[in-house]
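Sharing a structure below in structure tokens format, with a few things to ask.
Order of writing sets the chain letters: A, B, C and D. Residues in each chain are counted from 1.
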Amino acid sequence: MPARIGPDSRGVFIISVTPFTDVGDIDWPSIDTLVEFYLGKGVSGMTILGVMGEAQKLSDTESAKVAKYVIERVAGRVPVIVGVSHAGTDNLVHLSKTAMDAGAAGVMIAPVAGLKTEIQIRDYFAVIFKRLGPDVPVCFQDYPMGTGVSISVPAFLQLVDEHESLTMFKHEDWPGLRKLQQVRRACDGGARRRISILCGNGGLYLPQELYRGADGAMTGFAYPEMLVRVCETFAAGRAEEAEDIFDCYLPLVRHEQQIGIGLAIRKEILRRRGAIASAAVRAPGPRLDRDDIEELDRLMQRLERRLSATSTPAPGIAA
Amino acid sequence: MPARIGPDSRGVFIISVTPFTDVGDIDWPSIDTLVEFYLGKGVSGMTILGVMGEAQKLSDTESAKVAKYVIERVAGRVPVIVGVSHAGTDNLVHLSKTAMDAGAAGVMIAPVAGLKTEIQIRDYFAVIFKRLGPDVPVCFQDYPMGTGVSISVPAFLQLVDEHESLTMFKHEDWPGLRKLQQVRRACDGGARRRISILCGNGGLYLPQELYRGADGAMTGFAYPEMLVRVCETFAAGRAEEAEDIFDCYLPLVRHEQQIGIGLAIRKEILRRRGAIASAAVRAPGPRLDRDDIEELDRLMQRLERRLSATSTPAPGIAA
Amino acid sequence: MPARIGPDSRGVFIISVTPFTDVGDIDWPSIDTLVEFYLGKGVSGMTILGVMGEAQKLSDTESAKVAKYVIERVAGRVPVIVGVSHAGTDNLVHLSKTAMDAGAAGVMIAPVAGLKTEIQIRDYFAVIFKRLGPDVPVCFQDYPMGTGVSISVPAFLQLVDEHESLTMFKHEDWPGLRKLQQVRRACDGGARRRISILCGNGGLYLPQELYRGADGAMTGFAYPEMLVRVCETFAAGRAEEAEDIFDCYLPLVRHEQQIGIGLAIRKEILRRRGAIASAAVRAPGPRLDRDDIEELDRLMQRLERRLSATSTPAPGIAA
Amino acid sequence: MPARIGPDSRGVFIISVTPFTDVGDIDWPSIDTLVEFYLGKGVSGMTILGVMGEAQKLSDTESAKVAKYVIERVAGRVPVIVGVSHAGTDNLVHLSKTAMDAGAAGVMIAPVAGLKTEIQIRDYFAVIFKRLGPDVPVCFQDYPMGTGVSISVPAFLQLVDEHESLTMFKHEDWPGLRKLQQVRRACDGGARRRISILCGNGGLYLPQELYRGADGAMTGFAYPEMLVRVCETFAAGRAEEAEDIFDCYLPLVRHEQQIGIGLAIRKEILRRRGAIASAAVRAPGPRLDRDDIEELDRLMQRLERRLSATSTPAPGIAA
């Protein structure tokens, strides 16, 4: 049986893009190269069919096919989490089963848009967990900026207490550093069972999140090697050095974090790095224009200069 | 070739529910009875796979299958409009083609959530209309409360001017009486080509909307005969009588207009009236409890008493 | 000492408009006539400086002055609640003290926009109640459509348990019939102390709300005598008759319930009825145009015809 | 007459905090030190009573008093813009006149929350500009994340064409780099008159914005000297060096950019730097806890180390 996500999952679960051809079809060969790209950068896991995977623009048939294809290509080298959020619970459950049957390590679920109170969130997940059964590990995606649904720490902990298969917390409330830490302290493996906490939000606060107890990152930055190095270096006890590495890439982390066009930027970087053949985003979606391209050129060149300069660390940077 | 919607479409295009069994499967036999129920009440057309049809909870395969099935059952007796709104343009276009091939009279499209400015709305529809081609009549659904997207009258008129196949305006901005009238006056068949205007919002302001120039209703009230009689009586020049009929049902119109639970109420009334076998709403969705049921009992009984009392109109009511 | 609101407050607390002159100044003489108009219709109380009182467009100085003026004019004949919601807690507290010193019966507070979770709501009100002290009776305004803040029943009950001076619940969640009933059953004077529940939402569901345990209405319908008669008739055990009276006015209740322009309609009706001298709404605010006026003419005439027809009740209407 | 903002305004207009004492009163002596702190850092102007100035938590009387006090202290050394946005147009106009009479260089106005379409935005500003008259220079604050109101470039340009006193565009749509550039190209002083464009959003994209034609920054970063140096260095034609300076501070720019708690962080940094006596934020508002403080300690120390290391530029950093 393939690995499942669990309380000790850590490191970088890269949020994968879905590659398309220039006319918008799924680009299966690029999935191959993309998988090898991510794995080659040392990620601990992959998360597919998230918002950044444009899951909402795939047909249900495509989603199932992509899930199966990626899992097959990864072939157990790392765990694969499948995003299954859907307006309809039946569809969510159906994709979950398809994914788990294909060898997924777990599913990621955000509360459906329109939930207004914590009782409603609780009721929503009670149905979901009952339908999924106890054998599907669930990553709770806490992404209020995207879903419009906010949950307090006590309400989340109640979910943890009620549903044993709730295994992972994808933190991307913003700002949410304090929340992350409260969840960490409450789910520390002592009084309450441990859950894994990985951070989204494009990684914009990754060092701060690691200090506050995150187990790693679940985001899709187009330089996954940075995320990996930061997490590893931090885990090795060299926190300042980890943050130096992070800061070096921060201008691009921030650049990718522009809602909407950020995805087009990320895909363009992945294309330039040979991970995918086309940077196409499915409609409705942004396209980079000439100014955007030139801007990206400059930022990538600046990164390269920084990287070569810091290969022999500048004094004070990695002090 | 089956009838297409056009500038002279009028009357009641009933927004159809999608019937489910108690366990949430599509209830095909109930589609049969529902179609006959609606047609038996005299509707001029049907609109399927709207929000009230829980389209967002169907799989893409189910949507296509429902569209084809309904169109086949209606068998050309009235035009059928298919709601095709989707987060992904490809899926929208694909369902549109499926529906038109099956004999749909047109498609209904709301601007996708997330459009912020009128330029963005315009660009969004430019792609849509180009992809659909000139032969797919489009009903523009103006439903800001659901989509979060607002459009001004001038911006809408620009869409009308740029896209010949934009044929119908489903008005459900709220409040929006003035807007409806402005569109009516601008698209009167004189300076600018005429478009059909049908009103949603549960019909809550139907008489006022007819006064302001609407061609009819596109909503799903569980007593379609009221909508039909109101539109016909108004069209016959007996506006006050039309409004008397409307007011008689207004308490239930209002009762169904509760966001969320309104759909469960509507389906329960349709069930009681023999139109469908189960009032089930797919998860996540509301369920009526005992208090809700008793409340509905009282309101339906009150309506019956009113209807029998006004069969010989009370003085002053239909003066 | 003037009467305070308490667990047994019931009947109609009319939400008062704030009268302006045509150029937008506060129209003090119209406050005089308006107060007498409301009291003449039999209201049990008044609520001033709510959203419909355009409180957010008054200066702080004006708010204080209006509060004091109205309280003085009412002169203890009925309790007066003062809306004190404000983005800044200091201002909220300051106006509360001014109002209570002037003889207000209590203050009305909605959770400030931007609160995302129930913990945040709880913390917000903990500060408020501490600052106000135990002697200021508070009406909690539950108006998610206006504030963007939703609260579940358990979270509200926790507020009730923690703050003795939380005395009244203004229900205007929508849809919210079930919520109202849950609060009623939980705060029934048995296991938990009783609180008063009055309903807003323009009164659109008043009969249903009374059935579910509301103590009355807190809304601003321009025919307060209807609200009063409905509440009194229902309290006298003649529920069906109460609903007949309500239904007679329902077309206008619904007409006033249009967000934005509804206030201009309400003020115009009040003007026609002699309650205020001008229907002016402060900028930014809606103005009625000729079509709106003619529409209102028709609706008011229809109401008058109905009222005269039902003065000898038609068979079946009040059966 | 004091300087007015105009088409050639450029550089850094610092968004000023409003200093409070620990108990929440306005801290007038800290206004003195804060003004000198900002001016000492070389800012070109000041903007007071913005969102970050907690204007919405001041009473109207306090707002007027703060405006007059700051303007008096600045004493014409740099232009002072006063934020006057308010739910009520009368209050907006009144504060504008007070500010201009006291010697303000202009006022800043965001579209009021609740405007849904571009026609409504246009109508809103038509009233505002008429009420203000031609002699009050206006900075349009484009802040959809805060106001919920979006405007397209054509709609904004129409405002520019219709209102000669619209002089400045505060860009803080996000993402909005392309929008900024479109406004710049359209208002270049050629075909259309020039307007000044200053950027908000905490400065998170300042170098990119300068490349795209911004005239400077209008934000409140607690190290104003960075903003000043970046703008000056860029204006001197040394774009890469400007961006090196910026990147050095980027971790803190990002840290302050957390909605809500970012203001508490900013005030704490200003306190540590001697600009104000207390970091207090008025209720409802965030407070830093021990973890937040330690996190800030680390980030500030990292900045100091970087600054001392780059005082002799590391190779590749300022290449």
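Note that in this section contacts are C-beta pairs under 8 Å (C-beta built on N, C-alpha and C of every residue); 3 or more make two chains touch, one makes a residue touch a chain.
From a predicted model like this one, the values you see are computed outputs, not experimental measurements.
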item	value
Neighbouring chains common to chain A and chain B, by label	C, D
Reaching chain D from chain B through chains that touch each other, fewest steps	1
Comparison of A-D and A-C by number of C-beta pairs in contact, larger one	A-D
Copies chain C and chain B - interface residue numbers shared by over half, same or different	same
Centre distance in Å when chain C and chain D are each reduced to the mean of their C-alpha atoms	39
Interchain centroid distance [CA atoms averaged], chain A/chain D, Å	33
Whole-Å gap separating chain A and chain C, where each centre is the average of the chain's CA atoms	47
Chain C residues counted as touching two or more neighbouring chains	none
Sites on chain D touched by chain A in the complex	174-175, 177-178, 181, 204-205, 208, 211-212, 240, 243, 247, 250-251, 254-255, 258-262, 289, 291-292, 295, 298, 302, 305-306, 308-310, 314-317, 319
Residues on chain D engaged by chain C in the complex (per definition of touch)	24, 54, 56-61, 87-91, 94, 112, 114, 124, 127, 282-284
Residue numbers on chain A that touch chain C, as the complex places them	116-120, 144, 150-155
